[in-house]
Amino acid sequence: MTPTATPDTATPGTATSETRRTRGPVGEFWRRLRQRRVALAAMLILLAIYLFAFAAPYVLPYGPNDFDYLNTLQGPSATHWAGTDEFGRDIFARLMNGAKLSMFIGFTSVGIGAAFGIVAGLLAGFYGGWIDSITMRMSDVLFAFPGVLLAIGIVAILGPGLSNVIIAVAIFSLPAFARIVRSGTLALKESTYVEAARAAGASDMVIMGRHILPGTLSAVIVYFTMRIGTSILTATSLSFLGLGVEPSIAEWGAMLSTGRDYMLAGEWHLTVFPGLAIFITVLCFNLLGDGLRDALDPKLEQT
Amino acid sequence: QDIKVAMDQVFHTLDPQDSNYNVDFSSMEGVFERLISFDEDMGLVPQLATEWEANEDATQFTLTLREGVVFHDGTPFNAEAVKANLERLADQSQNLAKNSMFNMVDSVEAPDETTVVINLKEPFGAMINTLAHPAVVMHSPASLEEGDVSDNPVGTGPFRFDEWVPGEQLRVVANEDYWDSEWPKVDSVTFYPVPENATRVSMLLSDEVQFVYVLPAELAENVESNDNYEVLSREGLTVWTAAMNMNKEHFQDPKVREAFNLVVDQEAFLQVVYSGHGSVPDSPIAPNTQFHEAQEPALSTDVERARELMEEAGYGDGFEVEIWARNNSTEVRMLQFLKQQLSQINVDATVLPLEGATRSERLFGSNVNPETIEYDLAIGGWSPSTGDADWHLRPVYATEGFIPAMYNMAFYSNEVVDGAVAEALATADPEARAAAYAKAQEQIWADQPAIFLAVDEKMAGRKKGVTGVIKMPDGTMQYSHAAVEE
Amino acid sequence: MSAAEETGGAPLLTVRDLYVGFGRNAEKTPAVRGLNLTVRSGETVAIVGESGSGKSVSALSMVRLVEFGGGRITGGEILLRRRNGQEVDLCQLDEDAARELRGDEIAMIFQEPMTSLNPVFTVGDQLVEAIVTHRDKSRAAARATALEMLQKVRIPNAERMLKRHPHQLSGGMRQRVMIAMALACRPQLLIADEPTTALDVTIQAQILGLVRDLQDDEGMSVLFITHDMGVVAEIADRVIVMYHGEKVEEGPVAEIFAAPKHPYTKALLAAVPKLGAMAGTDTPRPFDMVRAAPDAEGGDSTPTDPAAEPQTTPAAPTPVDYAAEPILSVRGLTTAFDIRGGLLNRVNSRVHAVEGIDLDIWAGETLGLVGESGCGKSTTGRSILRLVDSHADQLHFAGNDLTDMAPSQLQRLRRDVQFIFQDPYASLDPRLTVGYSICEPMLIHGLETRRSASDKAAWLLEQVGLSPEHADRYPHAFSGGQRQRIAIARALSTDPKLVIADEAVSALDVSIQAQVVNLMMELQQRFGLAYLFISHDMAVVERVSHRVAVMYLGQIVEAGTRRAVFENPQHPYTRRLMAAAPVPDPESRNRTRVRMTGEVPSPVRAIGDPPVRTPLKPAGEGHFIADPEGFVIADPVAGQSPAG
Amino acid sequence: MFQYFVRRLLALVPVIFIISVFVFLFVHALPGDPARVLAGENATQADVEAMRRALNLDRSLPVQYVEFVRNLVTLDLGTSLRTGEPVWDMMMRAFPATFWLSVASLAWSVVFGLIAGVISARRRDSFADHSAMVLAVSGISIPPFWLGLLLMQVFSVQLGWFGTSGFDDWSDLVLPSITLGAGVAAVMARFTRSAMVDVIREDYVRTARAKGLRERVVVWKHTLRNALIPVVTMAGLQFGFLLGGSIVIERVFRWPGLGSMLIEAINYRDFVVVQAELMLFSLEFLLINLAVDLLYGIINPAIRYR
């Protein structure tokens, strides 16, 4: 049974097996993801938006902060594709320049929340006992606090600004992830295949990371991709309350919230275009999320 | 007939004497009366007092009262009632919001039924205007005894209080026994607090209310364009400025302050921030304020000259500034505008919109130190509710007004101004006061301790056919003479 | 098809040239290739065959459920004569028409009984639902029918059972509920896919008897899929043998047993373990190896004739050195599961799953552990590996004391002790390819590089009769038996010293079983591997064991050398177990088998009321029994669920 | 079950205690001084000091905390710093509006979300699935205030079908609850879909099919019921979101509920009200989620209470 013993009973199969290599779970995942066209397209669009955001200053005729008081509140036209805002700034230029920041806020804040939440949920579900009690009670506390309020509080205490907005959104995303992962973990840790991994000598880290976590990810991904939208919108509420990023910075949420004053006055383009930008981004994230989720589930491969 | 009004804030209290808020004054305008009131142009008009006079050095004021007036609870209105109210205002231990306005009152006498004499500890030339302040209402002495004036107001006005559901609505109904038999002409007036601008306007446009109080400038056109509604617009008393912190070295140089005023385009400011509804200031105080005097030269915009001045002052490469303001959308727009304008003279602005309570803590908190306070520019608007120059020039531009005590955020201190303000207070003679205030305005205009931005318009939306519900330049509204045309 | 004419009445179900495939290349590599078969009314047809040969897939096709598992019928027809005499082709029906037939005219019992009942509805609701779907009955009437069905399948306290949820039932009871549900509408045809595989002999016997009784009453036809030749001998009229997706032989049961024609059938029958076959020997003996060569071409498979090409019978086992220290030595192993309840969530009773067991296993030795369902066999295995909290006076493995070993040390030691879980599907991570699952233990212990681990995994797959290509597939794409072999391959990957094999070969057809058992024995000889072989199949245990322990209600009631225990069973419980084993010989089918009724008495006891331990006493050389005095034959314990 | 319930209720006590500390610290960590705010910008230092004494804010934090807890225990809750009104009365006045708004929003969004989720899980990658996805994404990427104002313009101002605002009539619930529930409906739809996809291949679903049940029954009864656990968990958690979201919605629709009251109170640093209201929110949330836990057992009897 040692490798040296192999040749004794070796069949021709071993010869072919020289060339093959068992893919790890990650490799398998990529292989399946590659088959999902829609998800890949969504990923490319996101990437394109993000990259274009870097190119925007060199490509577009207007900068995000070029004001023009003679042309304020213009509707969409050939010169200003998405119209201008109350300072006569080109909304399209602001949108493109803002993509970087908004996507960063959406993704990073949820990402941080998810990372901590997942770890907390895994540990709580897996070890139970006081770790579980503390984690869950903390999440009860955080949860019981309306999210926007928590964000208001955090920003009010830490002061406004980009990083604090991210922290605020991250903190109140955290308990949801912890809950989702914990409940999945509770179910999976009793499963026979986890016991089998333990019997094979796997450490707790391996068991949690390789056998339990992937099983909880489908719900996590769904929540994660939805949450990105919510988090950009939370940034909107914060901006509206004057607690967001610096007001002159082109950030989608901030643009939406300041445009609101002009909605009723008939200047819909001030809010529609940033809204559309958020919508497309969130849609792409969700399509990508669906792809990731399906790629995680080998049973869905053939249908 | 019933009139419904949408207000921009919630009501805080039903006792104007204990409030700092225009909504409270406005909603109680029909329930309470003052001794002296303002007309639409902030001119003084008799209300419960028919005549008034002051002694030479402005330390004693004598008022003659209207006869035949009774409070809603039947208590007669007389000199004792006035004495009770004024003593309440002067009693600093009451902790009322408006106590400090009356801290110079020494005693109040009621020699007969219809005469009241107010004795001051020191001269105070602005006393009559102070008495006309919308907070200085006459409560029924009986209700003051009862002690529940903050939620059960009893006055002498054409409307009596009916019900208040905090956060939801406030209703007053016609007082059949009003002393002026011509009024009231409507059966009730109901006020709804509606902080959301768009909702407020939507309520008017769908006929749920007949009057919106505080109509945001962006939405004025919306109302105007509809045949059934009209926009009431009055030039207000508020002068918007960005105070330049003169404890900062760069603002001690007059050239820099001049450059800042030159680089900012006030016309554009009006357009961007107020959709054109307002005017460019021509003095530190607003045209409707008593003793206003237009100053020369008028504000102008000259970016080239501004650059030169900065060059001369040694700041050709500019410097960094921090600008503070409130976090409402109007002031946030001001912040952005200033940031853009200042960038033309290489001044790099960090803007900081502050949430209300945080702002008052950082500007007016007890541990505020003028020497170390961080802002370079602070945006603010000041309106003197007395309609008198004193309550603008003294808190905003006199040395005694340094924050956190009052409202001098520029830490502007000038002997001429301080002297003129004191001089004007020492007399009740309008001409002498006018001369002193002219001197002060001139000096401030020359020194430019602030970037003068705008005098905004106070706007309200009204259903056509409704009359007598009006907006005042000080930002309050009046409805005693409300009527609905058929 | 000549043999078919001999039994039964008119053809009820006729399958012609059926092809079924999976996934993208459903056409290219079908799992079922050109299957033909006929079932006549009143007849019982058994399908036997290699594990993974397409038995389950064929059955699922006949009820048109294979589509829902990702399969596709790519050719052929399935003709059913309906009750009204009309003949329909199931392959051509749309989903709605097929649905009407399902449960009404054709009913099916699935291979996995434990997960086939919906956990959120009561047993009664699920039964009633099946009835009202097809019969124009009121719910009350349907309920009465449901009750009647439950009584028919001899569920004690049927009235109360109706209100229970599946999780409150033991495995055997769930299986009977499934049968009741399948029979509720009195179908013309019952398709039963390995209905007894997961069950121990006693319950198995009970269920077989039941199916037969019901068939007599209702006159329905049965298509019975199994790999247990004993069951076939007992129940079938006709046998169909499948191999590699095709039918290779068909005939009346007696004929097939007496004179198998196809080499695979011969191999199959030769590999059937028979209880008592080992009489007179002391050591285990490998099966006579009749490996049917995997057909490389994928064309017509012609397994090598065992007679023509006799496989090398492995050398006689090397004797075990009993003088040495045992590799595993257990004293007083006790495992109890707490049951909590009450306001303060205190422990108020315990499941005494294992109660003071002593075991020794020497290197190179196989210890067979037998006993009926729920007696604590699996728990014993898990306790030895310290996968559950348990107490032991002594737990020595290869010179290490496991009783209070740090978790990290324990992890390292687990390389040397491997566990093959009873339920192979559940023990494989559904999100990992089986290749990776097999590699994982090697990678965890740093035994191999990724590449060399892959090679070894491929080699192991071949050893258990699968092909290296299977490494890239996921567990759900395998048949029951294939999964079990994957689990075995994984357990062998780290070159362990001790393997705990919990029902490791129960789902395998006998030919593969023989192959796997031989592999295990070969490894034992070459590397001195020790096995704790847990099984309810008495014949296999007899074949593989050096020594045997019989377990009842958490305690060992008889232990000794295999020869002593099997040739001279002393304890009444042991005797009863042996009597319940099915005999793979159609000639002896009418003998009255001992049918045990009722459930195993409950190991659940209130706190402070521990079970009495009955110590073992010598009963001959190398043979011990517990005092039979204390032993009471279990009465039916009404509705007692195994875990409180 | 009952015992479990009582046990869980008891377990809430420490949580509530932690929350009370948290709430207290949160409130007191907010920059801004209530005395300062309440005194108004024109007030002098002396005014502010007087105000501070009048409001008992000059006492040490621990003393204030003890007072806060005592108020909680006796359900007295104290009086508003700003209006002097008993906080209990204020909350009881505002509670029904918020309650009905949350319930109406949750009800429609859960029903809608479930239906949309099931349909898209059932027909993965179909037109219906994609439409549901686009709707769901709209639901979370449209800011509530925007949707609210839009609905108000169309249905109140233009069409005149509903009142713009306020809560005088049950029909007033329609627009705000649609606005508030949109995000929740989206989350529910996505989660339902995901959970259904997980369950639909289980063995017992195959059994249901083998019984010959109608596809509708298989999907809506056998599959959905099992998929409901994660969905119900989410619904419980969304309740917290509703409470938070109602702050914005209440403002737009002039809803006389706790949300607008809370924002007012925060603006004025009316600590007593903020504390009491945060405690109420928390308690409500905890109870809802306790109810969700109990629901688990009803949905899936195999879930054992520990």
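Before moving on, here are some points about what is shown:
All chains are identified by letter, namely A, B, C and D, in their written order; residue positions are counted from 1 within each chain.
In the analysis below, contacts are C-beta pairs under 8 Å (C-beta built on N, C-alpha and C of every residue); 3 or more make two chains touch, one makes a residue touch a chain.
Computed from a predicted structure; not experimentally measured.
Chain pairs A-C and C-D differ in how many C-beta pairs they share in contact, with the greater number at A-C. For the pair subunit A and subunit C, the distance between mean C-alpha positions equals 45 Å.
Between subunit C and subunit D the centroid-to-centroid distance comes to 51 Å (mean Cα coordinates, whole Å). Rounded to whole angstrom units, the spacing between the C-alpha centres of subunit B and subunit C is 89.
Taking each chain's centre as the average of its CA atoms, subunit A and subunit B sit 48 Å apart.
Annotation for subunit D: residues touching 2 or more other chains are 30-31, 149, 153, 201, 266.
Multi-chain contact residues of subunit A, defined as those touching 2 or more other chains: 156, 240, 260, 263-264, 297, 299. Across the assembly, subunit C contributes no residue that touches 2 or more other chains. Two chains count as a pair here when they touch; such pairs are A-B, A-C, A-D, B-D, C-D.
By the touch criterion given at the top, residues 197-198, 201-202, 216, 218-219, 221-222, 265, 268, 271-272, 326-329, 332-333, 335-337, 339-340, 350-355, 358 of subunit B touch subunit A in their complex.
The part of subunit C that touches subunit A in the complex is made up of residues 22-24, 70, 382, 385, 387, 407-408, 411-415, 417-419, 421, 423, 426-433, 435-436, 439-441, 444-445, 448, 450-459, 461-463, 467-468, 471-472, 474, 476, 487, 490, 492, 494-495, 523, 526-527, 529. Within the complex formed with subunit C, the subunit A residues making contact are 1-3, 5-6, 9-11, 13-14, 16-18, 20-25, 28, 191-193, 195-204, 206, 210-211, 214-215, 296-299, 301-303. Against subunit B, in their complex, subunit D makes its touches with residues 30-34, 36-37, 39-51, 54, 82-85, 90, 93-94, 149, 152-153, 156-157, 160, 163-166, 251-254, 256, 260-261, 264, 266-269. Per the touch definition, subunit B reaches subunit D in the complex via residues 10, 12-13, 20-21, 92, 95, 97, 99-100, 150-151, 165-168, 192-196, 198-199, 202-203, 205-206, 208, 355-358, 360-362, 364-366, 395, 404-407.
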